[in-house]
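Worksheet: one structure, shown below.
Chain naming follows the written order as A, B, C and D, and within any one chain the residues start at number 1.
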Amino acid sequence: MAATTLAQAVRDHVDDGATVFVGGFGHCVPFASGHEIIRQGKRNLTLTRTGADILIDQLIAGGCVARLIVGYVGNPGIGLAHAFRRALEAGSLTLEEWTNFTLTLRFHAGRIGVPFLPTRALRAGDMPKHIADLATLTCPYTGALLTAVPGLCPDVALVHAQRADEDGNVQLWGIDGDTCEGALASRRIIATVEEIVPAERVRRSPELTVLPAHRVTALCVVPGGAHPSYVHGYYTRDDARFAEYDRLSRRPDDLDAFLAAHVHGVADREAYLGKLPISDLSWPVHHGPGGRQ
Amino acid sequence: MAATTLAQAVRDHVDDGATVFVGGFGHCVPFASGHEIIRQGKRNLTLTRTGADILIDQLIAGGCVARLIVGYVGNPGIGLAHAFRRALEAGSLTLEEWTNFTLTLRFHAGRIGVPFLPTRALRAGDMPKHIADLATLTCPYTGALLTAVPGLCPDVALVHAQRADEDGNVQLWGIDGDTCEGALASRRIIATVEEIVPAERVRRSPELTVLPAHRVTALCVVPGGAHPSYVHGYYTRDDARFAEYDRLSRRPDDLDAFLAAHVHGVADREAYLGKLPISDLSWPVHHGPGGRQ
Amino acid sequence: MTADIESRNLALAASLELSDDETCFVGIGLPSLAAMLAKRTHAPRAHLIFESGAIGADPRVPPLSTGSPCIAENAAMLGDCLDVFGELQAGRIDLGLLSAAQVDRFGNLNSTVIGDYEAPRLRLVGSGGAHDIASLANRFVILMPHEPRRLVPKVDFVTSPGHLLVGDERAAAGLRGGPSALITGRGRFSFRCGEMALVEVFAPFSVDEALEGLTWPVPVDEAVMRRSGFAPAAIDAYARLERLPAGTG
Amino acid sequence: MTADIESRNLALAASLELSDDETCFVGIGLPSLAAMLAKRTHAPRAHLIFESGAIGADPRVPPLSTGSPCIAENAAMLGDCLDVFGELQAGRIDLGLLSAAQVDRFGNLNSTVIGDYEAPRLRLVGSGGAHDIASLANRFVILMPHEPRRLVPKVDFVTSPGHLLVGDERAAAGLRGGPSALITGRGRFSFRCGEMALVEVFAPFSVDEALEGLTWPVPVDEAVMRRSGFAPAAIDAYARLERLPAGTG
């Protein structure tokens, strides 16, 4: 598999109306890919992931999103996702709401190729009532009443990771969350990475490989592609940007201005990073080897 | 959790009649733990794992086993498991036979706490007919006919791994197979490791940790505990011993003599290793760092 | 000043709910602070588990997100969501620590919506893992500042099931545990027949202050305890943690 | 000598069943050898997957076990059984390569028992992953030495479903694919309406020799092909591999 540009990968593999899994559980959030989707004006997307943070909010503000399948949408540790909240209160967004566990199970079912999985969650409270056609079933061995969650196979996944080899074997370490489960459930995967390393290096640490080459549809080298989230071992979380986003996203005009400057107003991630204050350019900071030694 | 001796761990946690998961998919087969079980004369055990190799055969020859729940029993790449074959042909062993995938799913169900999981396997051929009370069900979303495999939670798991910290966080890399799935499905875990390392070292490479401290019941330092199988990064597979076992296990007398010399005739693993020909003592051979660098 | 005392009481009292060697599924915010306090005082061998997949976590600073660097960097194991929710579903999590926008007298939690679900007055973040923790942990503890508009007879939406309604509705649904305590900055409530009852007040607050503004008759234990304070070492640990900026550190 | 030629024919012909860029679930023995040959010749970018969890494997020597060091050491990814069988169940494995103790005219495989299951004449190793691969790979290829007692009208036990009986029994069970070819050292058989038919013979063997000892009337393709040999580079690769001792290397 030949590496490509992110612009090309998004053009080729993210269709209007597609269901898009957005990787990154706080860690390795694929901001570069999401911004490219906004820039290219993709429309009517269904976005899915368990805990959705401000990248999802930006995609909503960017006009790309018709529907969410999520377990949480917010600005973690800070507050609400304001574009999401406004869209929902205005009725311009369809929401299919799960819990982080049960949505993980939907991806898991997709990944291992079964149409549903049973769970002991979603048995009580108001959440099950608001999921259309949610099925229950009886365990044929114990008689226990369980909830069945349907498998979910997104059309395409966006994943950012530390590194890959040229064949497309992607290595990710640090927090995973639902990233690999969701990506491996998806039909196609667009992987952005901080760097390409020789195949020998990947094959010396095969336990760090999370997406095998045969599953990766497009591989793009995009250093800094997860900012303002972080990449374990490369650069840390830019917490100030998340706090700033809470302020600027409260007013639609300010949010539009942010997107105009930092998304539409830049050609690519390199240009995006060039516009950041110097203090945010704390990457790359390699955190040292870790590993087996 | 304080480290203990393997003899003590087996005395405390392997009861006669227990269901015992035997870790090690070719790699890190817990020979030391298995031999200790034979030495202590445990009886009426049910052993379970997907692909069972000569350690299981030795436990059968040692008179410990009443029942197997397995996907395969043999001497991989060489031939049959002769004590197994004899016991089965003599009717002195109960066999519950699955496939490697569906038995992995039984452990997976146990690990994630559901009483069954659906699968598209075991739908045809003669295998499903010989599994008592195997249930089928219909997917409530697609109408697809699936097989339901019941969850399996062994009483105790035997796992050998490279290393752990003193808290009991166990790190394993290289081939896993069904080892972690089966161990984490089990109520208790006896972990033997090549070495104890400082907690800081484990916490520098948390992606290598496979059994968290809260799941490990007993931790024992047993260098060479996987011989004649191997430990990735420490010592290689002693293929000649597997070939030799094929010869000696064809006759019950020879097999008894082997157990008398190498199991009953030694006090522990150190004594076992002391009796090996020098050429087999190729460990420890660290294979170098690997890891993230 | 009163707010400071209440915050400290809440964190310190909640930390006492976690015993040493227990496994604890931890949420962000007050739950993280309480769990970190417990690790630094009476429960150094507690196993902190975050929904991002971190097991045996020991963050140096209060995390902003379950996926934050400080959670990853010092963890004993980094699995994934399925690993940790699997442990939860299998009944291997002793304690969940949860907060929410609203809690009701039966310990039901709302983090989804204020107003009607279909026509929200204020749309909140949603369950995340809260519903799962509340359903599947062997017990859970609710951490809630003493804000009467958030302590209500009935939540607008049951995101995370507490005792549902008085009775055995929870058990009928096959759920474990349920809330064992609700901690505010003024007191500790336990649940009797599924309904919260005041069992302890924290100095300097009285029973009346612990119930101030609550709009239904909350039962008070006959032998309600009065906690005069917390261990000095725990107070020190709180002061050190509280000085740290939340975030990556 | 004839045995050597048959072994070489079998390995080289079977290797041709795997195309470049395909994903291939590989068993131990003849299947490993064929897959390794393919990687060394016409299919360098094929993705070899072993049930032990190794993905993108590229063993230096023929492995004795799917868990052997040579499989781990050069793999692109080491997952677990669930990862690789999950890929299989999800329909993402193009080709399975399988051998067995017995195969029948419908491509059903037996690796469980000779004689009756309850009163075995010879008890064999059991399915391992073979049943799963045969059920769930998009297609599979059977590698079998030309030993007439192992090529039978009906296997004693269907461990791994082939075409079952002629008809749509396989599809009715919701299974994918099925056997696309059976390779011996003397010829290649494809399956028509579920029944094996000779479509190619390998030099120096004739059609009669390819069917020698088979106890039922095996259909022969009208345009049966006669392969005079294999590519010299492939023959060299086979010679190099065949010289290596199987095992850890």
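Keep this in mind: a contact is a pair of C-beta atoms (placed from the backbone, for glycine too) under 8 Å apart; a residue touches a chain by one contact, two chains touch by 3 or more.
Not measured: the values here are computed from a predicted model.
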If a chain touches chain A and chain D alike, it appears here: B
Comparison of A-C and B-C by number of C-beta pairs in contact, larger one: A-C
Rounded Å distance between chain C and chain D, as computed from the means of their C-alpha atoms: 57
Distance from the mean Cα position of chain C to that of chain A, given in whole angstrom: 28
Where chain A and chain B are represented by their mean Cα positions, the distance between them in whole Å: 37
Centre distance in Å when chain B and chain C are each reduced to the mean of their C-alpha atoms: 40
Touching two or more other chains - residues of chain C: 54, 72-73, 78, 82, 85, 88-89, 136
Interface hub residues of chain B, defined as touching at least two other chains: 113-114, 119-120, 144, 146, 173-174, 207
Overall pattern in which the protein chains touch one another (line/ring/star/complete/other): other
All pairs of touching chains, each written as two labels joined by a dash: A-B, A-C, A-D, B-C, B-D
Chain B - residues contacting chain D, complex: 24-27, 50-51, 53, 70-74, 76-78, 80-81, 84-85, 88-89, 97-102, 104-105, 108, 119-127, 130, 144-146, 173-181, 230, 232, 236-237, 239, 242, 287
Touching residues (chain side chain B, partner chain A) in the complex: 113-120, 133, 135-137, 139-142, 144, 146, 148, 150, 162, 173-174, 204-205, 207-208, 233, 288-293
Touching residues (chain side chain D, partner chain A) in the complex: 21, 23, 45, 47, 54-56, 58, 72-78, 82, 85-92, 136
Chain C residues touching chain A - in the complex, by the definition given at the top: 28-29, 51-54, 63-69, 71-73, 78-82, 85, 88-89, 108, 112, 117, 120, 122-132, 134-136, 157-161, 164, 169-170, 173-175, 246-248
Residues of chain B that touch chain C when the two form their complex: 110-114, 165, 167, 169, 184, 199, 202-203, 206-207, 209-210, 212-215
